[in-house]
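One structure, pasted below without further comment.
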Amino acid sequence: MMRGIIPPIVTPLRSRDELDVEGLERLVQHVLAGGVHGIFILGTTGEAPGLSYRLRRELIERTCRLVAGRVPVLVGITDTAFVEAVHMAQFAAESGAQALVLAPPYYFPNSQPELLEYVQHLAPELPLPLFLYNMPTHTKTIFEVETVRRAMDMPNIVGLKDSSANMVYFHQLIRLLPQRPQWSLLVGPEELLAESVLLGGHGGVCGGANLRPRLYVDLYEAAHARDFEHAAALHAEVIHLSTTLYRVGRHSSAIIKGLKCALRELGICDDFMAEPFHRFREEERERVRKVLAELKITA
Amino acid sequence: MMRGIIPPIVTPLRSRDELDVEGLERLVQHVLAGGVHGIFILGTTGEAPGLSYRLRRELIERTCRLVAGRVPVLVGITDTAFVEAVHMAQFAAESGAQALVLAPPYYFPNSQPELLEYVQHLAPELPLPLFLYNMPTHTKTIFEVETVRRAMDMPNIVGLKDSSANMVYFHQLIRLLPQRPQWSLLVGPEELLAESVLLGGHGGVCGGANLRPRLYVDLYEAAHARDFEHAAALHAEVIHLSTTLYRVGRHSSAIIKGLKCALRELGICDDFMAEPFHRFREEERERVRKVLAELKITA
Amino acid sequence: MMRGIIPPIVTPLRSRDELDVEGLERLVQHVLAGGVHGIFILGTTGEAPGLSYRLRRELIERTCRLVAGRVPVLVGITDTAFVEAVHMAQFAAESGAQALVLAPPYYFPNSQPELLEYVQHLAPELPLPLFLYNMPTHTKTIFEVETVRRAMDMPNIVGLKDSSANMVYFHQLIRLLPQRPQWSLLVGPEELLAESVLLGGHGGVCGGANLRPRLYVDLYEAAHARDFEHAAALHAEVIHLSTTLYRVGRHSSAIIKGLKCALRELGICDDFMAEPFHRFREEERERVRKVLAELKITA
Amino acid sequence: MMRGIIPPIVTPLRSRDELDVEGLERLVQHVLAGGVHGIFILGTTGEAPGLSYRLRRELIERTCRLVAGRVPVLVGITDTAFVEAVHMAQFAAESGAQALVLAPPYYFPNSQPELLEYVQHLAPELPLPLFLYNMPTHTKTIFEVETVRRAMDMPNIVGLKDSSANMVYFHQLIRLLPQRPQWSLLVGPEELLAESVLLGGHGGVCGGANLRPRLYVDLYEAAHARDFEHAAALHAEVIHLSTTLYRVGRHSSAIIKGLKCALRELGICDDFMAEPFHRFREEERERVRKVLAELKITA
């Protein structure tokens, strides 16, 4: 049963198709030191779809070895090709990962019956427990509430991460939980961590936890413990970070670019990015530095 | 310089991750017998994103061998991972393909500057001429007119296939052609073949040409020769096919399902589909049979 | 300074263009008895754009007379025509209303500079304080955060109602509040009332408060008082109502239809609707009756 | 039976809520001199939703008087309020108009059954023949093919204007025509006039015909007469105008702004616009002047 903060870690890169191995070590060490409850690799923040399969496997292998069982490692296997998703899942299991994460196949638009069947066909082929991943801005297809309800019937589907930023939807999912009390309902956007945990969610897959793992862990714990005043204060810090760091760039890639740039400034890892994205230039870096100073973030 | 009808062929499958080898032979023979000017594999109609990389390579190799230089083979290399697109392009070149086709990377939303840079970085790494592929319903990102204009500066980008179904956009692209008279501007939706060729386009990548290659070749030639009455009559046949066969299913997958089902009924190839899609059931098959009879389509 | 629960009341109709005058009296009495802090007429729930201008004026006049100053009456003046919005505002002021509510003009897509200018030109012409109304599903245009920040400079713009259901956006607006401490930030979707008030919002414009005004008032007060356990319990009731009553119909009109049908069942007002909508038929009415029984809602 | 070019005329304004009466006279004279087959007032190009009802009535009355039966006058009655649409239709009939034009009510999203019922309820209340108007970018709701087929059963619905720019859809509508041979199928975007008339459409409601009525009339006649070479040459002129004049501004309002600015430069009418839009400033005016010179457009 997954609870708490599971950072979707960025994939440190040294150049095209080359992992920043030392950066990965420092990053894993950094988030573990912050008390996180798991690590999620090969998600959206990890630029997974932009990485070669070879690099994805290298990342799985090294991360599992680095984490060494201290927390669960969740591996994104989202793929447009069913067979490739299964292969990646098998590799993850062999490497020692604990769970898998799957968004809908994202090239073709899927109807809900097609999506449900897809999940029903895929889940039995997987060697590890599976989290569904709702990410409509990128996949075009939502996991509708009724589809989630039906997917809950499958024993090795153990939770869902919702990155839709739609809390009306999230509250509808919370109402399904009595059907599977051990399920994990996690929220993606860190701006919604406080309210989702206060009102029945189980934690967050927060990009900002790459940078300040302790802040998100503390917020989770305060919300979970119903220490409302503390939660509200930490929530305000999260919103402050979000409305400054993630607004440095102009495009929707600005969140990942901002995170990678900040991690470089802290000396944690390289900020090289997979195509079609590119690291911030000096002008944006200077603004990131100012944000880090204003937020008093140091390594 | 590519002109005419280039069917985006379906990928005949026998089961999950197994090519229907005999079906592929019959299909290639069928479309070549219809006089097509090229064959496009691994496009949307070919369910490319749903196929394993192994099967994609098998398909490239076998198709190039079957076609044996009689017409150009175009290979879709669209991928979310830059490195994988390059690998597939190299494999296509080694297998004897003549050109490549690339839609935008389709997981992350791309801004136009990011998309242009992506194309500018990728094209020089490719061993074959490249066609851009505008397919916004599936990739979320459009190749804006100004981006196409800039991409025309790259010598090994030789054309664009537009599946947006937006003829206002298409006419704007036609106005760019004097800049590169050898460019090929091809239209995706077969319903727009007549008008696009009449008004300056160079041909079509028409799904229906899997089934009735001669119809589309005749229409192209009539439109190209300004034999307007003949073109209009053939256009009406295309619209008839499109408004019956492609409307058998309910979801947006109905076009590929209808094509595969019809090809099976004609004894050309299997109608197994890659996840998340599944072949029509008996009820829809019966309706497809009626459509084929009504349209007098036989193998 | 507006705080608390302001129900967006339905417009009771007896037939096309005929107000259900007795129904309106009972409805106003019903929500006032529930302790609401204001009444909002001519919003989306009030089907304002579907009503004739004559009926809108009749509704304004009667409601102001019925409320008789016990709570503020807010009047929606959203219109595609600037001049008509000004006229309705003048009529509202003459009738004794306290404030106005304005969504973007909703036929033409508006750019943000155009929207800001529109608000800057309109606000000075209005005889009453104005609330902005963010409702992108219906108006296509969002009030972006920067536009709101600029609009806050206008003295007679006194708040914003956000019906986007996007709490990331809402938290960004909360961060603007120190600029105008007297501003009111209200949330539309009742499913978000608890979290928005807990984390800095000032209340809700909740459709369900037509039916159960006391529930929403209690929830607002519990959240405002930081009585977290009570708030969570009432929030669960709201979600229960929302996931049952509002899901009886199939289309997006289901929320208003469900509310009107329930109010009819309680004997409060007629459920006639303005075109293009129509009241539930017997089948759906029966389901609404079951929901009311399950939720133990009686007049 | 409506055939040919029906310009959707701009509404000349002198200031907020004040018609430019002399400008309207010159504009009507200008388009009639160009040989147009009808005049459409109060459409999107006419900024109808942005005008007061008083001004809309003044425009109807004056235009009908100016045209004096020389060509049919079509009046847009699109409204979010059923009752107001009926009132405007009655006023148009009394003023001597020949037909009405109606897009879906555009605040609430409509389902297709709701939209069909709306049309079925409204048409019998109207004193004049009705054209449907498909304009999904502004109304959010499309008239689906099946809905149009059902609407064709109503005797006083006599045609449809399609501004979706989706020619696949348009060809599907053409296939419905044998059901009602007297129906008129008109296209909105002028870039699609040539192909739509060549392949079975009946004419165009072209914004550019405000400026160069003769160009569009000639194109319509060439396409209708199957004089293909002439049609293609005139089509190229239309695309040239569209890709220059309509691209002067940055927002989607640029088309109307460009038209009004050009009409002012030609001395035909004022370029004042209804909120939320505003005339071009000197910088854009200078670019419009250059476009007019390049296109050799003079009054």
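Some observations on this one:
Each chain carries a letter (A, B, C and D) given by its place in the written order, and its residues are counted from 1.
The rule is simple: a contact is a pair of C-beta atoms (placed from the backbone, for glycine too) under 8 Å apart; a residue touches a chain by one contact, two chains touch by 3 or more.
Nothing here was measured: the structure is a model prediction, and the numbers come from that model.
Set against the C-alpha centre of subunit B, every other chain centre is closer than that of C.
Subunit A and subunit B, compared by their mean Cα positions, are separated by 35 Å. Separation between the centroids of subunit A and subunit D, computed from CA atoms only, is 49 Å. For subunit D, the set of residues touching two or more other chains is empty. Taken pairwise by the contact criterion, the protein chains form one closed cycle in which every chain touches exactly two others.
Contact between chains, as defined at the top, is found for A-B, A-C, B-D, C-D. Across the complex, subunit C meets subunit D through its residues 16-17, 44, 49-53, 55, 80-84, 87, 104-111, 114-115, 117-118, 121-122, 137-140, 250-253, 274-278. Listing the residues of subunit A that touch subunit C in their complex gives 165-168, 171-172, 174-175, 189, 191-192, 194-195, 198-199, 226, 228-229, 232, 235, 239-240, 242-243.
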